[in-house]
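Dropping the structures in below, format is structure tokens.
In what comes next, subunit A is part of two complexes: it sits with subunit B in the first one and with subunit C in the second one.
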Partner chain A sequence: MESFFTAHDIEAAYGRLQVLWGVDLTLGRGEVAVLLGSNGAGKTTLLKALMGLRPLLKGEITLGGQRVERLRPDVRVQRGIHYMTELGVFPNLSVDENLQVGGFGLARAELRRRIRDLHETFPDLGRLHTASAASLSGGQRKMLAVAKAIVVPPRLLLMDEPSAGLSPRFVAEVVAVLRRLREDGPTMLIAEQNVKFLEIADRAYVLDGGRISFAGSVAELTADDAVRQAYFGVSGH
Partner chain B sequence: MLYALVAGILFGLYYALISLGLNLSFGVLRMVNLAHGDFVMIGGFTAVVLYSSWHVHPLVSLVLGAAAVFVVGIALYYLLVPRIATTKDPEMISLVLFFGLSQVIEALAVIHFGNNEQSIFDPVFGTQPVSLLGQSLPAVWLVSGLVSLVALALVYLYLYRSRLGYSTRAVMASREEAEVSGINLHRVSAIAFGIGLGLAAAAGALAPFMLGGITPDIGTGLTTTAFAVIVLGSLGNPMGTIAGGLIYGIALMLMQTYLPSWASLLPYVLLLLVLLVRPSGLFGRQVRSA
Partner chain C sequence: MRRGVWRDGAILLAVAVVLLLLPKAYSNQMLLFQLMVYLALSQGVNILYGFTGYLPFGYVGFFGIGAYGASLAMLDLHFAPLLGILAGAVVALLLGLLLSPLLRLSGAYFAIASLAASQAVYLVIANPSLQNITYGPYGIQLPNQFNPIASYYTMVVVLLLAVGVVLYIRRSRFGMALQAMRDDPVSAAMSGVPVVRERIAAWLISAALAGVVGGVFAWQTSVFYPDAVFTLSISIFAIVFALFGGVGTLLGPMFGTVVLFGMYNMIGISDPQYFQLIYGLLIVALVIFLPDGVASLLRKKGIHVL
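After this line comes the complex of A and B, so read on.
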């Protein structure tokens, strides 16, 4: 498949502490990749570096053949790179106000239509549209974060631990939502520790100590002994 | 007692108007603008000069001064803040820089206007007192209360009923989350900073009447008072400033009625009390989620 999003030789640091070394990622259009890694492996730093929130020591990032690594984060968003952070919402805004912020650049009528659509896709959000995001449950907040990230359809959606803090039931709900979302075709890179997200992925990367230790298809990943031991809790054949 | 309460509410609204801009700019920048009070002074001198030179009504000067300072505020933002933001310790650098700016503005005002107090002595708001809740009050106090209410209502509409306002509140909650939601941080922050200074200048146009007169050094004291008011209401929560202003205004009037010699200590006493007893302010829970 022709590459749509590439990150080549990405290196980033916090002050003098380098945390990413020579990271390479490639995704085809509409592909979903899961970035596995334990706490402290550098997943969030990598997503922030891809989004322009952490300066790069070196590396190139392209989307649809165009270099984006020098663009400000908000300009990257305008180019179609959306980032669902672990926080994901503005707790001081209502559900609909969050969606309005997510709908930057859309004309008023179009924004209203998109928000109506999202109320149908996420019925809880429709029911609670005037409620403060701070008052939502963890699962509802995560749904709002997903909805906010797709008010304007993304070309590339970066997601930071969508399962963080959720019970298994809500994790399954989030996976179901993402499964539906991938039918609309955005390319997705999901940083996760939870292997359940592999169910909806085409590719997988494993980040270990700031370096990519595995890159390949989900089938190749599940056949890899070291990875099986680390993430599935099983070893050997 | 009732007189002190009614006057306290009117002065409270006025102090909320003085302070709201400081809280708005703190909310988006997480920096304290120590030159805030100097823009009240600029608004005051603008009203005095326009009236003494061309008999421009202070309410017209209020609008003109606020609009002009709004534009200056946006220019000042782009001149100063993006540079500060890239330093290692932006909070500390901003304190020093805004303190320096305050000193420069004050020095320029002394050079231009001298050290003497200036005011508008003509009865531009009439000579007859007005009656409110059975209390006879100077008409200008009522005008000030109404103007402050209108300004506070406009800020409310901006923050809670406009898309730009949603973005402003989003920046107040998390600059990083706002940035990755497609919000142009500098544009939103510059507008909020400009509005903050514009509100200060608007309050300044009423200062010759509400504070008795204007001197170049009035800014420092007003910044302290404004800081006390916003800490009282809670830092980073603009609408909490209204409650902070009302509490401060009523406390000030009660002090001036019953303990007049202690009244000037009020901002400092309130600031210390709030920081010791409830550091997050009376509406502190809303700070993080403002």
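After this line comes the complex of A and C, so read on.
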């Protein structure tokens, strides 16, 4: 598949402490990739670097063949790169207000139409549209975070640990939502520790100590003994 | 949407009727004027702290510079009072613009830096060597401008304006963006909200409001010293009133101002030592038990607070 999004030789640091070394990523249009890594591996830093929220020491980023690494974060958003943070929602706003902020740049009529569409895609959110985001369950909150991130349809969606703080039941709900989303949705890069997200992925990367230690298809990943040991808790033998 | 506009209009009308009838029910117009000053200032704090999370300890700086801007425009440029008040608002706006880099700070750093900035402005104004320009520490006198009735009704209009601005912010996408930024500025920026622009807009609206209030205050009193319009207690009162009622709402700061300002006038003047004790205890209790103000009590019971 022709590459749609590429990150090449990405290096980033916090002050003098370098945390990413020579990271390469490639995704085809509409592909879903999971970026696995333990706490402190550099997943969030990598997403922030791709989004322009952390300066790069070096590296190139392209989206649809165009270089974007020198663009400001807000310009990257305009180019279609959306970033779902770990918190993901604004707790003091209602469900619909969250969606309205998600579509901040849209004209009012278009925004209303998009929110109606999202109520149909996520019936729970439609039912709870006036409820405060703080009053939602963990799973509903992640659903809202996903919905908010796609009010303006993204070309590339970067997601930071959508399973964070969720019980297994809610993780399954979020995976189901993303499975529906990927049918005609954006290219997605999901930073995760939870291997359940591999169910919906075409491609996987493992980030270990700021370096990519594995890159390949999900099938290749699940066959990799070291990765199985580290993330599935089982060995191939 | 249309229903919301009608509701906001009805609220404005109700506030206007109350303010216009108050002098008939209560004869101390000076006290009513001061109440309105704090009602407006607490809404100014509300706009900034309630919707963006920036606590402006130096808020009095805008009030003071507004009072001086208006007075100097009347004295030196011979502006009519209303035009002078407008000039005071413009000066406060310009000061806000000058101080907008402070918004790069957050939390206690912003609070302290804004306080330092307001004191710096005070020291410049009160500097004896600038007496030819600012009248220095000897203060301002506005001869032939004293007009308590006109200034009272101007303050009514300014307060209605403040209420209108807060109602607009609560319903608008601008207000929603501000609250989103308060919750999570990175997520808000990633949703396409121009975080810096919106934050500066809220800061300038809040600054201009304090400037207008300062200008009307100067007109009303017509004689004042720099200490009177730059005293830190103005900031503290406005902040405590707003926090007591509950920021992020319209009625919270109004309730806080009416209750605490009323209390101040009941016991703060006759028995200041008890007042300070009660006030101190109240602030401690507020921080411990009701950090989101009285409005949060109602919200917990499922009651929507406007």
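The criterion applied here is as follows: the second predicted complex is superposed on the first by the 236 of 237 C-alpha atoms of A that agree within 3 Å, B and C clash if a C-alpha of one lies under 4 Å from a C-alpha of the other, contacts with A are read in each partner's own complex, and residues count from 1 in each chain.
The definition used in the following text is that a residue touches a chain if its C-beta (ideal position, glycine included) is under 8 Å from a C-beta of that chain, and two chains touch if they have at least 3 such contacts.
On a predicted model such as this, the values are computed, not experimentally measured, just so you know.
When both complexes are superposed on subunit A, subunit B and subunit C end up clashing with one another.
In the superposed pair of complexes, A:Gln229 makes contact with neither subunit B nor subunit C.
Legend: residue contacts after superposition of the two complexes on their common chain; A:Tyr83 is shown touching both subunit B and subunit C. Of the two partner chains, subunit B and subunit C are each touched by A:Glu97. In the superposition on chain A, A:Ser167 makes contact with neither subunit B nor subunit C.
When the two complexes are overlaid on their common chain A, residue A:Ser38 makes contact with neither subunit B nor subunit C. Within subunit A, the residues touching subunit B in one complex and subunit C in the other are 51, 53, 73-74, 77-78, 82-83, 85, 87-93, 97, 100-102, 104-105, 148, 152.
Of all residues in subunit A, only 51, 53, 73-74, 77-78, 82-85, 87-93, 97-98, 100-105, 148, 151-152 touch subunit C in the complex they form. Note for the complex: subunit A touches subunit B at residues 51, 53, 72-74, 77-78, 82-83, 85, 87-93, 97, 100-102, 104-105, 132, 134, 148, 152. Residue ranges of subunit B in contact with subunit A, taken from their complex: 163, 166-167, 169-170, 172-174, 176-185, 286, 288-290. Residues 173, 176-177, 179-180, 182-184, 186-194, 248 of subunit C touch subunit A in their complex.
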